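The following pair of complexes shares a single chain, subunit A, combined with subunit B in the former and subunit C in the latter.
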Partner chain A sequence: MSGQRVDVKVVMLGKEYVGKTSLVERYVHNRFLVGPYQNTIGAAFVAKVMSVGGRTVTLGIWDTAGSERYEAMSRIYYRGARAAIVCYDLTDSSSFQRAKFWVTELQNFEENCRIYLCGTKSDLLEEDRKKRGIDFHDVQDYADEIKAELFETSSKTGQSVDELFQKVAEDYVQLMAFQVMTEGEGVDLSQKNSTYFYSCCHH
Partner chain B sequence: MAADVHKKKGWEVPNGSLVPTDGQPMERSESPTPGLVQGTEPGAGQEGGMFVHTRSYEDLTSPEDGDVASRSPEEGRGDQADQTSMAHISKDFSELSTQLTGMALDLEEEMRLSQENEMDLSPQTARRDSARSEKEDEDVTMEAWRMHQKHVFVLSEAGKPVYSRYGSEEALSSTMGVMMALVSFLEAEKNAIRSIHADGYKVVFVRRSPLVLVAMARTRQSEQEIAHELLYIYYQILSLVTWTQLNHIFQQKQNYDLRRLLAGSERITDNLLDLMARDPSFLMGAARSLPMAAGLRDTVSTCLQQAKAKSLVFSILLSRNQLVSLVRRKDQFLHPIDLHLLFNLISSSSSFREGEAWTPICLPKFNSSGFFHAHISYLEQDLCLLLVSTDREDFFTISDCKHRFQERLRKRGVSHALLEALRTPFYSVSQVGIPDLRHFIYKSKSSGLFTSPEIEAPYVSEEEKQRLLELYQYLHSRAHNSSRPLKNIYFTGPSENLLAWVTSAFELYMCYSPLGTKAAAVSAVNKLMKWIRREEDRLFILTPQTY
Partner chain C sequence: MSLKSERRGIHVDQSELLCKKGCGYYGNPAWQGFCSKCWREEYHKARQKQIQDDWELAERLQREEEEAYASSQSTQGAQSLTFSKFEEKKTNEKTRKVTTVKKFFSASSRTGAKKAEIHEAKAPSPSINRQVSIETDRASKEFIEFLKTYQKSGQDIYKQCKMFLEAMHHKRELSIEEQSECAQDFYQNVAEKLQTRWKVSPEKVEKAMDQIEKYIMTRLYKYVFCPETTDDEKKDLVVQKRIRALHWVTPQMLCVPVNEEIPEVSDMVVKAITDIIEMDSKRVPRDKLACITQCSKHIFNAIKITKNEPASADDFLPTLIYIVLKGNPPRLQSNIQYITRFCNPSRLMTGEDGYYFTNLCCAVAFIEKLDAQSLNLSQEDFDRYMSGQTSPKKQESENWSSDVCLGVKQMYKNLDLLSQLNERQERIVSEAKKLEKDLIDWTDGITKEVQDIVEKYPLEIKPKNQPLAAIDSENVENDKLPPPLQPQVYAG
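Take a look at the complex of A and B:
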């Protein structure tokens, strides 16, 4: 296991209780755990190997805790991330405000990080449309403005979860292809911060 | 409570030669109780322990910022066996709490007048005012709420609620106001501990600026022990935010709402309180080691030792709050309190069961000003690996240590044996071969470890188990009473007899059926000590390792 490669560092950000852990749980283990809510403590890391057009890509996913307690330390989790899945609860407008905070944070400190806005718990809207806490078009406008992809997912039903992570991986593969083209030959990408190794992460 | 208490003389010493031999080093011998010198008792590690040495919970009262503990003048003055070193105010607190609402100032004056040692809150001095605050939630006054064994509240010095064990802090805020009022006149000094002795209730206040912790308990614990638990709660909070940050925040803003920062941690604190009510580790100030063959443990420890990294300080392998192995940096010792906080953190959340957690954690007794980073992962269902690093950027290096450790276990072919050992985390007291013996706790002071058999019949229900622990707590408090400590106690109760023996090297608590005699109980001590000596390499960690 030692030295397992991670191609893309992905960080999950968002207010507590929005469903980040559930999203990762659905994607990695294809399940939805019912039972009392267990807030994440610090952050949890999990690696997932997937395939994009015949190529394997390993996502190294950081599921961070939404609690404010860890805010001051959040940089260690998102530093060097290629993708950030910024989550908000579709039924809770305050969580969208918190999402905006994270977007600003990323724009300031991680220019190279792609942002994926993710509205969670869409199954709750299925039950009752009135539960939507924030207008879809407002979010869409915001996403366009910050050049982010927008997804609405449900970890309960699985809706759009795989698509979200698939998109993250595809974007990475495309970006790599593009970089190889523009940077010419002889560039060892692993030296350029685009690839991380478990065993070589001293700074 | 009928306690047959002896203080040294009158105690039938099972072996005439067991008097402490001051400072005289002794060899580990075949003799069942080879002297009471620390370091030679059964369970003592061969190359010293793994923990900071703590004699008892007194250590808890030393503040973490390095200040000399400022104690109340009353401390150490009590002369009755039942009285602890704290000030008592005898009054039915449940009555008091309803009376005080809205008239705290009045009372404060009266309190000042009578501030000499033991304050007497007689009904005349505390004027009756039954009008309760409008805000107070109905639920809070309900009988069910009052029936709880122990209420715990944490508030800021400004009176803002921080934590409440039962019921929402919001609903309780007026109760908290009352407590704040009480605290403000009970407390002349910071870091003091005071208590109100009420009929059926003990209300204990611990002030650790900028926080005040309050317990209302109907348990049989002494004030000292309740204060001890409150301090654990305080350390628990520090472990999440650090002492430095906590003080900084409140210096900036006196009425800061700490709940914002602690959001999501209530479960950890709840769990700690539950754990303290049933796990003797906290009472003993020690860790319980998982029984396993010495050879197996040594191999596992070596594997753990070899999976080291520059930033690693402690590598801890545990199974359900029992220690399997602990490897530490040569010059660094872990404090049992810090270890308990780590155990509690892990047992309080199922979120560690997936993936690898990487979380900042302050070990307040080690260093209350900064965070370590802990890598937490489960290797098996009940086997958790905890790697404590000084470098928050070092996740992948530490994660690699985990993989290397697992790899080594596999190569050495011990993974399977380790899993087997996890399947039998307890032994039966019947193995000792003392018919009347129901249960015991034995702590080796130099190793900071204790051993204890499974709690068996008649302590089957949760209530019964808790009652047994309470009996131990009672004996412990008598044995450690700071004004009148007792070395030997024989306690006869209606349902069981207990014996406690506390020396500079070990502590022993034994529980017998009520049918046995005192003479038999005393002679059983010898037999048990012999058995523990024989089994010590399985029950304890005799060869702790360092990187």
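Take a look at the complex of A and C:
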């Protein structure tokens, strides 16, 4: 059945046609896949097993509908996400404005979600530098301000695609290691829960 | 009660309005004649006692359970024994509930009275209860079978589940959110224990968690699915009505990338609708999720056949919305709420099932909020469609692109075909008639011709020897022939 274990939920956000789906396609179908997963019918949900420093991590990559008519519902999608890849089209400044919208949403409603800014279609800039719609330094400043990683990728050539997802997985593993170190509080909470929970039977 | 029905209007004895405890405040029939403060005290006392009783019972049951489990691994007999007790207790509780429900609602609202009736109807029919208990019985047998593969820790798991079910039994009065929290805590605790204390491998933990969920939720379903304490039912009806009102929405308005003219695609669409409707019939949250996933897979196939490329989320969500609008699945909100509250959270938040479930939530949210803008329509058009004044299908009924029911579409196609066939048959019949006429004419013509010829050249039959003579006479007529040789006599 479809019960593959997934460690990290990664949501893809971005305006329509910025190339969220292509990015995932490029990443997933370009590499050897570990595990018995088969998902040839759609790229909307993909589970990808990868290894980071000897550990295996399974990314569950959630594609989302970018159309403005579903904007009100986007909150349902990124609930519980540990990472969000916010995409914008490097040649289209309006798509960056929309990206900013998602960033604000994420900051307000999903604090634990790490943000990765991703400018897509960088191959178009190789052809013609004038096509760039948003200044790189502006974006870099913005990324620093929101403490996000910034990538410029091309699904056509594969530039920086693997690096982006690798970074997502690495950050997750690091975060987990950090949490193990400071677990004290977490255990405390669950203990409180369990006594509350079984109180009637222990007495 | 009879007193009350005799008295009409607003004539009420002042003393009857005051708190039964005589504290001077006004009482309320909903609080059994107490004022709010006294009622709380009374109720608290009663509840404390109830909890105390339940504890004792739970402990006793627990002991019996453990003994039974230890004595026989199969526990079939023991199971039914404890079960009958369980059942007995359940019915007790139910009758108690019925009376309170009646008290609460009989005077005030009609829907309440109806609910009480339903309750009443449920309580005295043991056949229904029996039916349910058979199903739960089967679930627990399967569960015990499954736990045997976990040896020692299996027993512990079983104990934990039993304890949890008992605890939930006492928590039935709590709000559904609190009950849900208990269930979530339970999942988390058991999963943690499996991993850390019993050192079970991660895959086996997953499997065990699925089985645990199946076992406990089969039992709890009756009490926690669409409970009366919530407005789930009301929400269900609102969504259902909303979907009915939106019957005019076409795939084009939603930008659905699915072409139902292709028979395979329309097949997939039908299957997807069947799956999403079937969700309501499942008890275990995971089974309900499986229905949603199955439905989604069919949608992906439909898109893939239509577009000839893998579907993205931009294709999937509109199609799912369309399927939900077309299928109008029963008790949609109740099901979503139930899954959210009682599904194992790790499955719901990250995995593939979770993805499709989230999309379904999104689809429902979209349908609830849907307005003119979200369909790219003008407000006037939207209002007119919503009020039923006009329907978009009438304007484009010629090319069948509107969301006319598939069956009707097929019917019209068949009618078309039939009329064509009819035409052809008529043509064949008329051709055949012509052919027949031609044939008759031809025979007549031939006969006539033959007759003419016969008349023109009548046949003269001569005597039988005549021909011979004729030959001779012909020869006779040949005068030019030299005279026949005469025998010559030579003297000599």
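The rule is simple: the second predicted complex is superposed on the first by the 167 of 203 C-alpha atoms of A that agree within 3 Å, B and C clash if a C-alpha of one lies under 4 Å from a C-alpha of the other, contacts with A are read in each partner's own complex, and residues count from 1 in each chain.
Keep this in mind: contacts are C-beta pairs under 8 Å (C-beta built on N, C-alpha and C of every residue); 3 or more make two chains touch, one makes a residue touch a chain.
Given the structure is predicted, the values throughout are model-derived calculations rather than measurements.
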item	value
Touched partner set for A:101, first subunit B, second subunit C, both or neither	neither
Partner chain(s) touched by A:20 [first = subunit B, second = subunit C, both, neither]	second
Partner chain in contact with A:142 - subunit B first, subunit C second, else both or neither	neither
Per-residue touch tally on subunit A - higher for subunit B or for subunit C	C
Subunit B versus subunit C as contact partner of A:69, first or second or both or neither	both
Partner chain(s) touched by A:80 [first = subunit B, second = subunit C, both, neither]	second
Touched partner set for A:9, first subunit B, second subunit C, both or neither	second
Shared contact residues on subunit A - subunit B and subunit C	1-3, 16, 21, 25, 40-45, 63, 65, 67, 69-70, 73, 76, 197-198, 200-201, 203
Residue ranges of subunit B in contact with subunit A within the complex	240-241, 260-265, 267, 345, 349-352, 354-361, 371, 374, 392-397, 399-400, 403-404, 406-407
Of all residues in subunit A, those that touch subunit B in their complex	1-3, 16, 21, 25, 29, 38-46, 63, 65, 67-70, 73, 76, 196-203
Partner subunit A, residues of subunit C touching it in the complex	51, 54-55, 58-59, 62, 163, 166-167, 170, 182, 185-186, 188-189, 192, 202-203, 206, 210, 255, 290, 293, 297, 300-301, 303-304, 310-314, 316-318, 347, 349-356, 358, 361-362, 365-366, 369, 373-374
Contact set on subunit A toward subunit C in their complex	1-9, 12, 16, 20-21, 25, 40-45, 47, 60, 62-67, 69-70, 72-73, 76-77, 79-80, 190, 193-194, 197-198, 200-201, 203
